[in-house]
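Next come two complexes, and both contain chain A; in the first it sits with chain B, in the second with chain C.
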Partner chain A sequence: MGHDTAEWVFVAVVIAILVYVGADSWYTEKLVEDVPADATVIKVTGQQWYWSFEHPNGTKEISTLHLKVNHAYKFEIYSRDVMHSFNIPDWVVFEDAVPGHVNHAWFAPNQVGTYPIQCREYCGLLHYNMRGTLVVEPDSKT
Partner chain B sequence: MVLELQKPRPVWQIMFSTHHTDVGYLYLVFGITFLFMGGVLAMIIRTHLFFPGQGVLISDSATFNRIFTVHGLTMLFLFALPVANGIGNILVPIMVRYKDMAYPKLNAIAFWMNPVGAALLWLGFSDTTWVSYAPYSVIRAPGPAADMFIFGMKILGISSILSSINFVVTVIKCKHPDMPLRRVPLFAWSMLTVSLMTIVAMPTYAAALIMMLTDRLGISGFFNPWAGGDPIAYLHLFWFTFHPEVYIFLLPAIGMMYEIIPRFSRKPLYSQASGVFAFVMLGIVGFASWGHHMYSTGMDFTTKVVFMIGTLAAVPASGMHVFNFLATMWGGRIRFSAPMKFSVGGIALFFSAGAGGVLNSAMPLDFITHGTYWVVGHMHLFLIGTIGFGFVGMIYYMFPYITGRMYSEKLASAHFVLMFWGTVQTFFTQHILGLMGMPRRVYDYPTSFTSWTILNQISTVGAWLIGASFVIFLASLIYFSAKGKPANMDDPWGIGGKYYYPVAAKNPHGGHSGY
Partner chain C sequence: MKTLIAISIIVLVAIALVPQIAHAQLAQQTAPEKYLDLRATVWNEFFRMTTAAFTVGAVVSGTMIWLVWRFRESNPKNKAPTRWEHLDDPAAGDPEEGH
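Let's turn to the complex of A and B:
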């Protein structure tokens, strides 16, 4: 029986790795949560079993969201019934839609294209099919 | 009766017995039965997902949702907890050198609540998912399934509190006066730790279930935003119980490895003190991390950081177990019989699962993995990879002890190879699927995503291998308990030393005389 040096070294190495992981993710998360002040606000509403979107000028879209490339967007995420989770996997946009709460996520797409939108929190019967499309379009003004 | 073959007794004598070994057998038979029932559901799920867009085996998502819910509930509450309790019942009193559990009648009552809870879960076949988040479970989940789920879990929760009280009193109050607590074998320590954790954690979930029930009845609105409540409150109550609960599932398996590894390494354990310390440490720090399941619910930055630190703080304790195992094996004359194979395989998977867990707990990475197949892979590396391997190893280890006969080492090797290979193939692949964004709990996925299809098919084939390995297991258990060669009860594996603890389990019914 011995609590000898090898074990202390091992525990120290584990703790060092954990401290590194913790510090790095603290730093990264801080950057990620820093929303640019000029971001355009898009309202996102989840309900069984589709997403709807509202642009600042009042334009509404269902399931398909059209955005311009090289702009920052901030999503205000609502739910009308149960919990959902708004997710654009290719842009790591991910936040739960919780009834009674307003949640936020933001991104600034820098590549034109179409990307899947999906729900990542179980919400009942057609959860698997609560999918949509993000269309990132070229900016006509530039 | 499969058990007790040397001196057969009528089944009812075992069923109405309050002796700790009998109650232990009941728990074991119950748990192993549900392992196979839950396993069949898993095979259906994985086979279904092999064929996207075709509705193979399951033709509607309502049924699919019910199947994965009951699969999860079964494996956690009708397999993992009962098997731990079963082996605990048989061994803990022997390890602390007492004649029985502290409260034998309470022990039998706690067991017999399990079939009632199981019946409610299986007859209800709820679609709430095992976490049953509000407000879905309050405003949308169809009854009576969801209500039967609530009552079933309620009963299982009470049973688990009762059996925990019994273990705590047995170890602390009934242990032999000559044996200081720190000398109590580590498996008994693991049961003591998880029992204390259950007593602290479980009442919170019990309260949450009652609140969910009254919410469903429309009497209250705790979790219902349209009645002034907040679904996030449910998540906190749930995870306050169930993050500690994942360690409650885990630690008995670690305790079993502590039984097996020194014996088959033919060396004394590297450090008893370090094992005890790691159990107690995990039992305490495990309560500081439940929020890592809720990063994306709109938690503020500081709260996320606090829960991340709490989660990472629990990791060194798990690492200490791995170190202890490796240091014990180091330089030992290892005999890789089935119990040892499963223990060592379990440690390897435990290590990789822990590494994946650390990545999950890093907040920015969790936004990639949460709600995806990554999490499914993560938890199964623990639940099958560590707990499943630990339990199976221990069941092989106790096989001669219970039946007086020997299993076939060749078939056990085949079981091990298939199960290890299958586990790696199934659940490592699911980690990759998660990184590619595939959500969990989906009935179907778009056929146009060909890489999802391929990875799902790889994962399904792995699951079939695991299924095949368990067919071998079941056949072995049944066949060799009746027809196996009589075991050398002093030393079934020829590893030297005594097979079991010096104090025999004296069963007043005279059946199994212990050893």
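Let's turn to the complex of A and C:
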């Protein structure tokens, strides 16, 4: 085996791994961005320094969001003043709230419980306290 | 050397394929969820990418370590210059003249 062979094997192995990285990331991103058609839309608005939520039936909540387990939810994320970032760490929901722009995120909680919501973009003096609570409740229909 | 490269490739392929096969078998045994589990999907992707990154790191740094070890001056294999090493070096003089 000459030098060339070893070098080409080395190059091929690295390229193969990088191709795998690209293909797998692309496929996973497609999976993650595919919002279920039956997802309920929740309007999320960030403003200094709290979160407000609006359900499709017009019900509004401040800082605490009540959702049903095993349902899909699509968040429409707005900001009234400066940049915020809507984050539910336990459910890997993490999207910026940008003034004049609507961002989207979705998730489907499959465990009942209480989870923290927090702002992840420095947005002023009380940014540290711009927290909320997600309450995932059992679905009475099931 | 050939054997080493062959073993390395087999190990790499095994590292990439075994978890995928195990995951596929597990998915067949359990009932499919109605919705995608984002947490599991994102964290699985993170660990797969970490494995790939460390594998690339190991291949590249391993090659460099081997290169430095193999071509060090004190390696007995390097006593005779290779055919790539007959370079023009004014300080070394002309080997034909016996300097």
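The rule we apply is simple: the second predicted complex is superposed on the first by the 125 of 142 C-alpha atoms of A that agree within 3 Å, B and C clash if a C-alpha of one lies under 4 Å from a C-alpha of the other, contacts with A are read in each partner's own complex, and residues count from 1 in each chain.
The rule we apply is simple: contacts are C-beta pairs under 8 Å (C-beta built on N, C-alpha and C of every residue); 3 or more make two chains touch, one makes a residue touch a chain.
Quick caveat: nothing in here was measured; it's all calculated off a predicted structure.
Residue by residue along chain A, chain B and chain C are tallied for touches, and B comes out ahead. In the superposed pair of complexes, A:Tyr122 makes contact with chain B only, with no contact to chain C.
Looking at the shared chain after the overlay, A:Val69 reaches neither chain B nor chain C.
In the superposition on chain A, contact of A:Asp34 is made with chain C only, not with chain B.
Once the two complexes are overlaid on the shared chain, A:Asp24 sits against chain B and chain C alike.
In the superposed pair of complexes, A:Ala6 makes contact with chain B and with chain C alike. In the superposition on chain A, contact of A:Val98 is made with chain B only, not with chain C. Of the two partner chains placed by the overlay, only chain B lies in contact with A:Val82; chain C stays clear of it. The residues of chain A shared by its contacts with chain B and with chain C are 1, 6, 10, 14, 17-18, 21, 24-25, 28, 32, 90, 92. Touching chain C in their complex are the following residues of chain A: 1, 6, 9-10, 13-14, 17-18, 20-21, 24-25, 28, 31-32, 34, 36, 70, 72, 90-93, 107-108, 110.
Within the complex formed with chain A, the residues of chain B that make contact are 61-62, 65, 127, 129, 133, 135-136, 139-141, 225-226, 229-232, 268-274, 296-298, 301, 304-305, 308-309, 312-313, 315-316, 319-320, 323, 327, 358-359, 361-365, 367-368, 370-372, 436-437, 439-446.
If you check the complex, the residues on chain A that touch chain B are 1-3, 6-7, 10-11, 14-15, 17-18, 21-22, 24-26, 28-30, 32-33, 48, 81-83, 85, 87, 89-90, 92, 94-96, 98-104, 116, 118-129, 131. For chain C in complex with chain A, the touching residues are 1-2, 5, 8-9, 12, 16, 33-39, 41-43, 45, 48-49, 52-53, 55-56, 59-60, 63.
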